[in-house]
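Take a look at this one; I'll ask things after.
Labels run A, B and C following the written order; every chain starts at residue 1.
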Amino acid sequence: MDTPAIELRGVARYFGERIALRDLSFTVPAGATLAVLGRNGAGKSTLLRVLATLLRAHAGEVSVLGEPLPRRAFAVRGRLGLLPHEPLLYRDLSGRENLRYHARLYGVGAERVEELLRDVRMERRADEPVRLLSRGMVQRVAVCRAVLHDPEVLLLDEARANLDPGASELVEPLVGRLAGRTRVITSHDPEAALAEADLALGLRDGRPTFTLPADQVTPDLVRELYA
Amino acid sequence: MRTALAVLRKDLLLELRTFETVPAMALFSIAIFVIFHFGVNRPTVDGQLAAGVLTVTLLFAGILGVNRLFVAEREQGGFDAFLLAPVDRSALLLAKASALFLFLVVLEVIAVPAFGILLLGPPLSPTLPAMILVLALADLGIAVIGTLVSALAVQTRSRDVIGPLIGLPLLIPALIATARAIGPLLRPQGPAPLPGKWLLILALYDLVFALVAYAVFDFLLED
Amino acid sequence: MPTYGKGLRGLSILTLVTISAALILVFFYAPLDANQGFIQKIFYIHVPLAIVSLCGFVFGGLLAVMHLRTGDRRYDMRSYVAIHMALIFGVAALISGSIWAKASWGHWWVWDDPTLVSYLIVVLMFATYTPFRFSIEDPERQARYASVFAILGGAFVPLNFVAVRAAQGLVHPRVLTVSGGNLPGPMALTFLISILGIALLYVTLWKYEMAAKNARIQLRALRRRVLGDEDISPLQRTAAPSL
């Protein structure tokens, strides 16, 4: 595959006068994992939202799976999966009902919902309203939601948050490196993120401080980022 | 279309699960009837006054439904979920307006007979076919304007106030047309035929705002 | 970036001249109304104010359409100024109408008149425009939502007029019919000059305000560039577009 999965050039995004992203340029080849590192408020979530077509860039060019955004956003949405901080689930509906709703939106069959619920071992509690589930269980259902339509590109904002090691293992085949998808991940734990990434991007106040292969990121660089 | 049905189904399921909207609207309307009884200080009302009381009550009760319409989306990430999906975004407008329309219909099924019992002088049943037609047209207008206004208001800070503040003036033509159309139906001496010109005005109102809504709704969702 | 200042002086002079001419005509040329006497002359300011403000609201709606279609925030600025200028003219129209009503019919307000009532509703609606803008913090979203509001309002103006007119009798003197007016000659001329004057006043004030806002924005942009982003105090929450 020659077309890179994700390509950004000179991207900027503002909220009023506040700079959320600036001078952002990088490329992610298909199947690779990019770790985005930075403090809270550095712009990681904003970047993911731009890639997910939820926000448009105010400057520069964004291209995902070869399609320029936002012009071709419609063509590419069905091939992207976003797992943000919020689980995007209705608290008064059950896990199953939530997933069925999303399945209908994506044109995916109900069997896929059942298959995923089995994969994360939530089949038995899938009929309880989401507000009654523990955070870890909610996160498991949220992961199902993100991969329901088998996306080629996964955007994961703190995917392992709230997951105990057992649950983390369960979701690994769905969102982990070996699933073969192109991934952009953020994490509060820079070392863990780097361990499962091919590339790394450091963000500070919306601007990139480094764009390197993951194994070339030294502890000093990381420390500076979080200083 | 399939998308709109999926969203509508989800909203109806949520309402059935939580009963947050329709019971409140119905109870509120009955409370307003009682208040009107004391406010106008008459045992029964008829004619244009009755039409006015009914229409104003339905409007205010409807505002409750309008305020709630997008709250779940805003607070539980429903907008993001919808915007991520490869779907036509106007489906959200269609789904929400349909949901609001259905809520209003259920409201009226409860409120109109209640009105007949509590406040109305002349009998209700002979007026029903005409009344249903007028209210259906009115509900369409309230549904479209309500959805638009609710989507506008949900992103603001004072959303419970902004919604009615913008929505009520916009709904005044619909209010006028509905009340004037129903007035002759509730005459003490028996219903007069439905005045066609008001139905026409209501239909025009619905059409214009439906078109405007379809044209602008996408801009409310994009970022 | 257009500066809006071009031709402003010429426009202002033209406006001044036209309004002066209108005033002269009103006081010395237009005949005294048989029924209402001198107070009828308020018609020459009240009706033009009302008509120009309604046009202003629709104009604001059209500019909002351009904003949404092109994404150019300057259209939002123009729309904002158009609407709030129209609102000022609208309130002036309501006040002058009220004075006229008191003088000729004895009441400060009458519900019998469809024109006045529908006008009140329109002004009421657009009065919520600025609080609405203020309640949205993100400037870009504020601009977009305000444009949707302006379009709704613009579509609302004719509909509202139709509904209220159909609902109520005709107490308001109908001096302008579709067929072209039944004003006697001298009155017609005076009226024409008056409406021209008010329209020019609207455009002039609109341009002045655009120029002032534009200058402020440019100044801020320059300061940011010179002093650096950190040294500038952040913009307060505002209802006005900030580009």
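We take it that contacts are C-beta pairs under 8 Å (C-beta built on N, C-alpha and C of every residue); 3 or more make two chains touch, one makes a residue touch a chain.
Keep in mind that what you see is a predicted model, and the values were worked out from it rather than measured.
Chain contacts in this assembly form a complete graph, since each chain touches every other chain. Judged by contacting C-beta pairs, the busier of the interfaces A-C and A-B is A-B.
Averaging Cα coordinates per chain places subunit B and subunit C 31 Å apart. For this pair, subunit A with subunit C, the centres built from the Cα atoms lie 49 Å apart. Rounded to whole angstrom, the centroid-to-centroid distance between subunit A and subunit B, based on C-alpha atoms, equals 40 Å. In subunit B, the residues that touch at least two other chains are 222-223. In subunit C, the residues touching two or more other chains are 137. Contact residues of subunit C toward subunit A in the complex are 137-140, 224, 229, 234-235, 242.
Residues of subunit A touching subunit C in their complex: 15-17, 19.
Subunit C makes touch with subunit B in their complex at residues 68, 121-122, 124-125, 128, 131-132, 135-137, 141, 144-145, 147-149, 151-152, 155-156, 159-160, 162-164, 166-167. Across the interface of their complex, subunit A is touched by residues 2-3, 6-7, 9-10, 13-14, 17-18, 72, 76-78, 80-87, 222-223 of subunit B. Listing the residues of subunit B that touch subunit C in their complex gives 148, 152, 155-158, 162, 165-166, 169-170, 172-173, 176-177, 180, 197-198, 201, 204-205, 208-209, 212, 215-216, 219-220, 222-223.
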